[in-house]
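There are two complexes below, and they share chain A, which is joined by chain B in the first and by chain C in the second.
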Partner chain A sequence: MFKKITRRAGKFAAIAAAGLLAMNAQAAEPIRIGSFLAVTGPASFLGDPELKTLEMYVEKINKEGGVLGRQLELIHYDDAGNASKARNFASRLIRSDRVDIIVGGSTTGATMAAVPMIEQAKVPFISLAGATVITMPVKKWVFKTPQSDRMAAERILQDMKSRGLTKVGLISGTGGFGSSGREQTLAVIKEMGGVEIVADETYGGSDTDMTAQLTNIRGTDGVQTILNFGFGQGPAIVTRNYAQLGIELPFYQSHGVASDGFLELAGNSAEGLRLPASPLLVPESLPDTDPQKPVVEAYKSEYEARWNSKVSTFGAYAYDGLMLAVEAIEKAGSTDKAAVRDALESIQGHVGVTGTFNMSADDHNGLQADSFRILEVQDGGWKLIN
Partner chain B sequence: MFSEFLQYLFTGITIGATYALIALGFTLIYNASHVINFAQGEFLMIGGMATVSLTAMGVPMLLAIVLAVVLAGVLGVALQRLAIAPAKNADVVTLIIITIGASIFIRGLAQLVWGKEYHVMPNFSSEEPIQIFGAVLNTQSLWVLGVGAVLVAVLVYFFTRTLTGKAILATSMNKDAARLVGIRTQVVLMLAFMVSALLGSIAGIVVAPITFTSYDIGIILGLKGFVAAAIGGLGSGMGAVVGGLALGVVEAMAAGYLSSDYKDAVAFSMILVVLFFMPRGLFGAKIVERV
Partner chain C sequence: MIARLSQFRLKGLVFLAIVVFALPLFISNPFHYGLATQIALIAGAVVGLNLLVGFAGQISLGHAGFFGLGAYFSAIMTSNYGWSAIPALFVGAVGVAIIAWVVGRPILRLKGHYLSMATLAVGFIIAIILNNERELTGGPDGMPVPSFDVFGWELSVFGQYSLFGMEISGDLAWYLFAGMVLLVAVWLAQNLIDSPIGRALRSVHGSEVAASVVGVNTAKYKSLVFVISAVYASVMGALYGHFHGFITPSVASFDFSILLITMVVLGGMGSTIGVIIGAVVLELLPQLLADFQEMEMVLFGLILMLTMIFMPKGLLPTAANLLAKRRSKSAGGDA
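This part shows the complex of A and B:
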């Protein structure tokens, strides 16, 4: 008898609680943030830190009261870096999850596959992938947080010029990143003038020795500096071959290898080389007057404390994407998609980890080349040059 | 000018010696069973990755190398026992497809255990390269060449002077006749897989300081090794060595004198040319099919 009563009471309580929850939900429907990322597969080094960052900061924002008094809800899918999966997941996010905004797309391929559908559905989308094509030409609903390879090329060439190095030997990987980097470098040189490419070599993604190409560049008349645009282990092999050949020209790498993993692979050979990178690699050496310093330091320490693993530049793209989304929603005062999009486009002076974002109708990335810092490898670590 | 040529030559010979070692592994199994073992590249990967991860755990380098080679040998036996032997009466094409499956399985396993990052292995001796007539030679290249030469000598001795080696040769020539004279052909097959796994893993270990190592390093190196074996004539030990060296040197010369863009194209057209004029490869046996 007594058991029956308690069971009934329990049932009643459960129903009451459910009712309360339902009412609560009606009062403040969560803001749905959709995401498709390459959490597994060959691009997982991008998607994994991105997802961790999104999860961690959505949690944090919710604990602090949410946005516009509403909680955030993260809905994410793993596209494994596969473009057709990305397209399907984008469609699912839009049609069945009815998200308010999408922050995702780890790779350029995944991003570009989802763009037509997102444009058609008119949902604001912040991509986390690098290539210039994503925001050039400008697409009404598409934004992105990483700098493009064009800015990296600009930054490198500026630094070369300032050191009086004008004859460049270029060696690039034949993969997507390397070949796009090569094209952008050639385009920037055409525009900027004063610098010329005197040697233009390439290597395949799985090549294990680049001494032949480097010997060729070294033998070119008048070459003053060497630039390697590439991704993965290739640039590390180039760096080692460079040191073995005893080439003493100033050496530049691209932002594609701006990570501690690269230093580990290249070892001593990397001494003295320069590359453009996110300030995330050198938070301590940023001057106190740098507006990015507190943001960068906070992100680094929070990420490392929460996940017990090294922070990565790619996770920072997701951080900036989420924070831009939050700022836009707050500015718009609602989740009305057109209002959020307009707010995103008008964001000025948003200090993120990657750089300071100044969006406009014809710039949906909002970063300048100087958001890249030039770093030099010294004593096996990164040193900020400017 | 001469120093450039020498540099390309050194580069080519180093890469070529690697291809030659892999090609020898292909040759060995092909000789014993007429199977082309596409998991050969994975033995290479196992050797490199196991050594790196064991040294990272604090095992001394030499012991780590020995353990890695043993691990690869066990894997070679397991491959034959668990994947090839059960398909006893299947024809050669089926067995080749089984080895492709096995290679995907091993790679997947390695990815789970060791992750996807590239790893470095320190040079065996000095990191300082040697200067010869203005060209530089990585000391590790000497190790690759030296170890390669020793392995080839050991293999030649094994096949011409030992009973076991001769048993493998006999099995390759005529399986039924070999069984009639008392050779246990299944054991011989197992032995061939083991020796070729040992060979592959040693190659993987000596080249790891030059190429880095990762779970998927075996794919392309394995393929290039197969190309080398095909150029030399499948089944010929001499052919594997010459094919490997030729492939490496042609690649390096193409990258140096033609264009780095066409380096792989030149290497692959080389097989077309060789196989067009000599369908059995440079050193292939002239076998007459009895009708």
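This part shows the complex of A and C:
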């Protein structure tokens, strides 16, 4: 019995190996794009749409003749959001698979764990994670596509200022996203001036009721608006508590909840709240003059047609990462790593889904705060404010 | 000669030493060295955990907490306070020993599920602290760790070293270092097992009541082995942090605790070499299965399940049993 199984397994392996060899022979010298993503685990909501996006666009580009006349080959591993796994897979991509460029790293932890090795091996790397530390200070070989939380804070505070709201009650989650957002908000306020934090409350990731914190904020003298920086279920609970308490102050959330899933969780209580978000949530309402409109619309319809599920802004980070990589390789005219890196750094006016990228030697993200659109929840849907 | 060697008390150690030093003859890819280094360090922690689980019959579902504490202590001291890695490693180990002793005294009075729950809680508390003390630990996004320096001599995976006139890469140097640390860890563990303490521990495993009847101070020995296994985890954690160059609180996570326990159980509880095999298998398997992509987790689970169903005693003890059976059969045939 056991022998039979091993024999079968042997046959299967032989067939699989033959298949792989045949595939390799067909595509002479493909351009190897490596990726490590959190496809499973607690951060899979990031990695899953990212992988789907990479797979479908690599396929599409290959069908259209590839890049520089060469096919693309996507080599991807699942790091499950775990930093040491991410480092191992980065090492494997660089040393074993010998990839030409890496597009990946769903979480900040995974990205930062892989950075020392990538810097040392001198491989261009486009990260899909959010935190400011990834590209500040600038690391020679590391780029990233999402806006940092700092830009979100800037955008929110600008909008508050324009509405004459200057006394902010801040409530934030204690998770990575919330606490980093809180820090950046405080830093931006210090720089910007004219706005002040009058209350500063926090809640834990698994708390189920935030009325105490909200009551404290409401009771603070002179508070004019409430801002919540958080991720996951927390912000939805804050939103519901906010409505239950009947608080009338203008309410802001961060880009961390800019998804249709949040609207479902928060229901009616979300009416009237504002947040900074990717234009991907409101492609129809973008003005026709907006250069991003066709890109955003195409990505949305192609993704939804292929996977039969809603697009997410996280998948868009992977789209931008892949397209930046392709543009850099085309510009460099080869896959020479130093040339591709230089090309990446000199990319100007690259219109992506997340925003328009203008890279430079001291900005490896290339986005401005205005790539975030301020949206307001109206009638259970998103409404573009500016 | 071979017969005499097979009688030798530390034959497992000799065998392990041969494997460790012969491995570089078969692999040359730096990625493989990196993997082997990581396996050696984790195996060291598992050897320590095995003293607690396999020999004393206690359980810890929070051992990654001690691993994480060691890693973070060394990381924080070397990067923020300019300590050298060796004193950070030792002071960290002493600190963890004190914590383990203070925590271990009361919770080791518990038995069975209650003990599991208590150790689980310890692990969780450590993980939560590492996650929330942003100023110190960098929070969930983790923190960088400087390379390991020994008296001003820096061991980095990116360096180049000469050893006995041979040029060796940083990866190989780290691998040799980790291999030697593992050998020392195994040597210490085996000596402990064969000492009066080891016998007392096994008597506690057999029957705590009987052990205390014959005069073994069970509470003392249980705390002692808990502390020793925590120190193993702390030291290996510190080295692991330096090797990786970046750590996140996931090194102290519940998942990692479970992985450590699984290595012990899979490899064979109470067998020092067995649990190292457990560590090798559980670290290599995900890498081998990574090519199956979506099927990875399914296959991983299936392999674990089948192993536990057909080899409930663990890999090494089952294999040794099979071998012994076959040998006695053939001996019987001859007669």
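We adopt the following convention: the second predicted complex is superposed on the first by the 358 of 386 C-alpha atoms of A that agree within 3 Å, B and C clash if a C-alpha of one lies under 4 Å from a C-alpha of the other, contacts with A are read in each partner's own complex, and residues count from 1 in each chain.
As a convention for this text, a residue touches a chain if its C-beta (ideal position, glycine included) is under 8 Å from a C-beta of that chain, and two chains touch if they have at least 3 such contacts.
In this text the structure is predicted, and so the values were computed from the model without any measurement.
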Partner chain(s) touched by A:120 [first = chain B, second = chain C, both, neither]: second
Where does A:180 make contact in the superposed view: on chain B (first), on chain C (second), on both, or on neither? second
With the two complexes superposed on chain A, say which partner A:79 touches: chain B (first), chain C (second), both, or neither. neither
Partner chain in contact with A:201 - chain B first, chain C second, else both or neither: first
For A:91, select first, second, both or neither according to whether it touches chain B, chain C, the two together, or no partner. second
After the superposition on A, what does A:131 contact: first (chain B), second (chain C), both or neither? second
Can A:50 be said to touch chain B (first), chain C (second), both, or neither? neither
Common ground on chain A, meaning residues reached by chain C in one complex and by chain B in the other: 174
Touching residues (chain side chain C, partner chain A) in the complex: 29-32, 34-35, 38, 132, 134, 139-142, 144, 157-158, 240, 244-248, 250-251, 286-287, 290, 293, 296-297
Footprint of chain A on chain B - complex, ascending: 4, 7-8, 10-11, 14-15, 18, 116-118, 120, 127, 129, 131, 136, 138, 207, 210-212, 214, 219-221, 252-253, 255-256, 260-261, 263-264
Quick one: in the complex, what on chain A touches chain C? 40, 76-78, 81-85, 87-89, 91-92, 94-96, 108-109, 112-113, 115-117, 120, 131, 133, 174-176, 179-180, 183
Residue positions on chain A within touch of chain B in the complex are 42, 44-45, 174, 201-204, 206, 208-209, 211-213, 215-216, 219, 232-233, 236-237, 244-246, 261, 264-265, 267-268
